[in-house]
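Letters are used for the chains, namely A, B, C and D, taken in the order the chains are written, and counting of residues starts over at 1 for each.
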């Protein structure tokens, strides 16, 4: 996204999605750092949260984010074969379709949760992904679960998190 | 097998033999060619020089007609037509603004084009669709011992490179090797420029390029140069006497449309292949290969 | 339409692969490399007026070899369009006339009638040509490679409408 | 949770952050957040006074948690956690909020950047109260080091480490160490002979008791972690008992298979199936090529080699060996491969005789090479004219985008060698830019100008064999624009040298995956930090040196090898090393013993305990990926430092604004 177009997107009062990004510490977090050191520009909508491995990201984290008011969630990990933990990212990849199924059951556009492989050398890719993702979610519009949901998926035992656990691959 | 066929303007004049030999060759291969209805000039290089969108739009008219005729492929025999039409496809796909504009223009004449018609060079079809086995099976007059210099010219795989390498095409090499010819695979000038339209506007420049090409052909001891483009053929063959006149050379190198030589190998009669239309006689070639 | 690969022009390293590969650069006022240099120096007018663009044979060697991925051939077309639009074609060069005659022939018949093309071009540009070419012309004629009558396609007016439409579009855009 | 007093420290980083983020505003906002007792801003938090702020607040103002909003934690987390520790706070009660790399540097609009900074910071403020004190796990360090790759980089690193008394395993894929440098004739710009300066180091490495040389061997698997790597090495069968072999080369002379292209001579000479790659090989032992030896390929052979071998060293029954080695640190020095010019078809490499690659010329000009150092064409005659084409495959978006740094200089070296051997020969250098950045390099360039080499500023367009004039008959013709003249020239020459760039090894990616670190987008090994940690990788304990990281000349390679050795030494010279305590634990009471996590753990760090009917984590083996935590249906396994509630809290905090 060019400087100009980002400026526009800021000054105009269009919908600004709130995004959470779970970044694996070894590849994607460093990729995001590289985007920074290379002074690449991308929309400010996504707040990164560091985990050691994308395999650590758990459906409840996504549910929590959406329930707390996020309009979309990005999970970014090492490319297949590059995982610092041999195959943690394969676990993520394996789990991802089930996450999508779950989200569909909850009547949510699958596009709101996205999985990407971003290596430590791919600052440009990180910037591109965040830019695309922001625009896609902007197009989808607000999710607004925060106001809707009375249940807090974070607290075990509540309806939401029960649903979550059913969907976790056994 | 059946293909929509776009002959191109030259096929009606200087390149008549290309059209005739193409039809004859395809008949020998049992492939039916259906001429594109009311096709128009691809626009060539000149149209690009006037308004880019014009050239895309009039090229697209042909593809729109192909689409209307319910086919998703069209066979092209001229390098320039091939590149112009294929380039139109590519640019329409790459740039939505071009896609819009072209369809706007076609809309003005009650047509539309979805960009999905594949533009196929006849060499591509011969080698990659019909296949070398099928072709060789039907060879009745092997080109044994004939030193063939395949001349691809510019716009055969440049810049599209969709079915052959942009820098070093080899499809025709493989075709004529399959037909038993002694192909000059390392023919160094195979993708050099013949001067194209320049022959009329800057004859000196074009003749110089043809002279270089013919020199190369002689250096590589070619019995015949085969071309896949009417313009290349016209410049190298038709203007050979003028090259000789200008450079004091004595070239007398047969230059044939690849369809003529392939047709010959497939058992077509020289007459069917309009070989008598050549300015430089092909008799040495006929003499060189066992009947 | 934006300048073809205008962005890429910035990363040209002036290596000269284009000019070195160009079959006609030896005749050009400015080789392709210099054309790009002129672009970056904001001296487009120099190259638009030059004979360079009219000597491009569209062989695409420069385009496929450029280490910066600049579509130089398309750039040449763009410059030709500029030159014609602003009537900056060099008087010495015959190509602009040829281009015009070609396009007219196609507009008229729907296809390019080579004989008419040659004839017109010779008459408008170079009286000597018919004499230079009579031998070849005769050969081609007798070989039936120079039909005197042009094929007129049914959709001739379609081409005119198409051009008219795009002309109008362009006008509106400005 | 108990009342926590959080101290917030927001760094300006000069204008790096403050230039975009309204630091005052963020500070004001932070002060109002739950549990925040103090919010400060400071120009450079990483400076001593900056760190002192934290220490003081802990001591004097009873801060119980701290968050530093500044650069990336990969940059300064250790700095600030140490500061917290010095102040008397458990280091793991300090978090960093990355508002530079992830915010100020990537955002244009100031308001937007300020908002984002609040969210990033908010996440950490919310998490902090849930942080629990952790103690880094202290593990013993194996003092041995493995060096992978026996080129000049590997040799240098191994010698340096051995000199400190450390045991070094030097693993080399080929039958001999030496790498590319051993193939060179002279080295630029000083022109001292490569062999003269390399072979002493090679034999030193061979003799060094602290170096266990594993030539003709490859690493197949790497397990473990910093200080405690377990490496599987395949020692390929030489079919020679290296204890008995004396390197006399009689088997080589006896061998009947004589037409094998010599790898060392770039195929310009032939070797036997039983061979020693070059006279100065270390170890000086024969190898029998299993792909060419008649006996080993199941064909008939009288085996004259066996008869010729006095010490009876030949053993056709020999099998590959697999060694399992334990080391504390690993140095990667796997080098480069020359970019293969074949795809650049317009230069006719492999199609026209006497169009050769730079490495081929190195061998031709080398006194111990296939031509005995005589610079000759294929027909044995000395070339009367030579063109050297720069940037082959380099600085080209169609091939390698980058500059290989050494080609300009080695091309100048070639020109000099030609002029030295054949003063009458015309030499043309076709270049885009002449890059002579090193010590004494520009002077060397001047010297070559004085030796009347023709410098043509232009990248060659093509090499052709078509002669358009009498003087071009039988010559190679280089077509190039002399961009300084604006004229396209046709240079008829007898020999064309293609100065190819340096490329990553074809298996660089696979190698990096075996060892568990990444590659840069250009395919070379990725360093931890381009400036401050050029010889480290993201994996603690694994270092890189030489051209496997990026093309570089010999001085830079040797310097980097030294740096890598120092890095490894600084690690293995300690009895123990502290590793992150962010590993998993399982509460046996809660665990239902369903085994899911057991199967999923990438490091087999979870085992099922039958009597407790619960899974349990083997702390030493757990690397802290957290896969088990995410996989467990009932959320029993938890990961220290990444507890679910901590992550939840970060999410909440990130979304409050």
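The rule is simple: a contact is a pair of C-beta atoms (placed from the backbone, for glycine too) under 8 Å apart; a residue touches a chain by one contact, two chains touch by 3 or more.
Here the structure is a predicted model, which is why all the values come from computation and not from measurement.
More C-beta pairs in contact connect the chains of B-C than those of the other pair, out of B-C and B-D. Centrality by C-alpha centroid: the chain sitting nearest the overall protein C-alpha mean is D. Chain B and chain C, compared by their mean Cα positions, are separated by 20 Å.
Distance between chain centres (mean CA atoms), chain B to chain D: 50 Å.
For this pair, chain C with chain D, the centres built from the Cα atoms lie 51 Å apart.
Taken residue by residue, chain D touches two or more other chains at 346, whereas all remaining positions touch fewer.
Of all residues in chain A, none touches two or more other chains.
In chain B, the residues touching two or more other chains are 167. Taken chain by chain, the contacts fit none of the simple shapes, being neither an open path, a ring, a star, nor a full set of pairwise contacts. Partner chain A is touched in their complex by these residues of chain D: 72-74, 98, 100-103, 105-109, 111-113, 115-116, 119-120, 123, 512-513, 516, 518-521, 526, 538-539, 582, 596, 600, 602-603, 623-627, 629-631, 633-635, 639, 642, 644-645, 647-648, 650-652, 654-655. Looking at the complex, you find that chain B touches chain D at residues 165, 167-168, 186, 188-189, 212, 215-216, 219.
By the touch rule above, chain A contacts chain D in their complex via residues 3, 6-7, 10-11, 18, 20, 26-27, 29-30, 32-33, 35-37, 39-42, 44, 47-53, 55-58, 60-61, 64-65, 68-70, 78, 81-88, 91, 95, 119-122, 127, 154, 156, 165, 168-170. Of all the residues in chain B, the ones that touch chain C in their complex are 9-10, 12-17, 38-41, 43-54, 57-58, 61, 83, 97-98, 101, 104-106, 108-109, 111, 154-155, 158-159, 161, 166-167, 192-193, 195-198, 200-203, 205, 209, 238-239, 241-242, 276-279. Residues 346, 391, 395-398, 432-433, 457-462, 479-483, 486-488 of chain D are the ones touching chain C in the complex.
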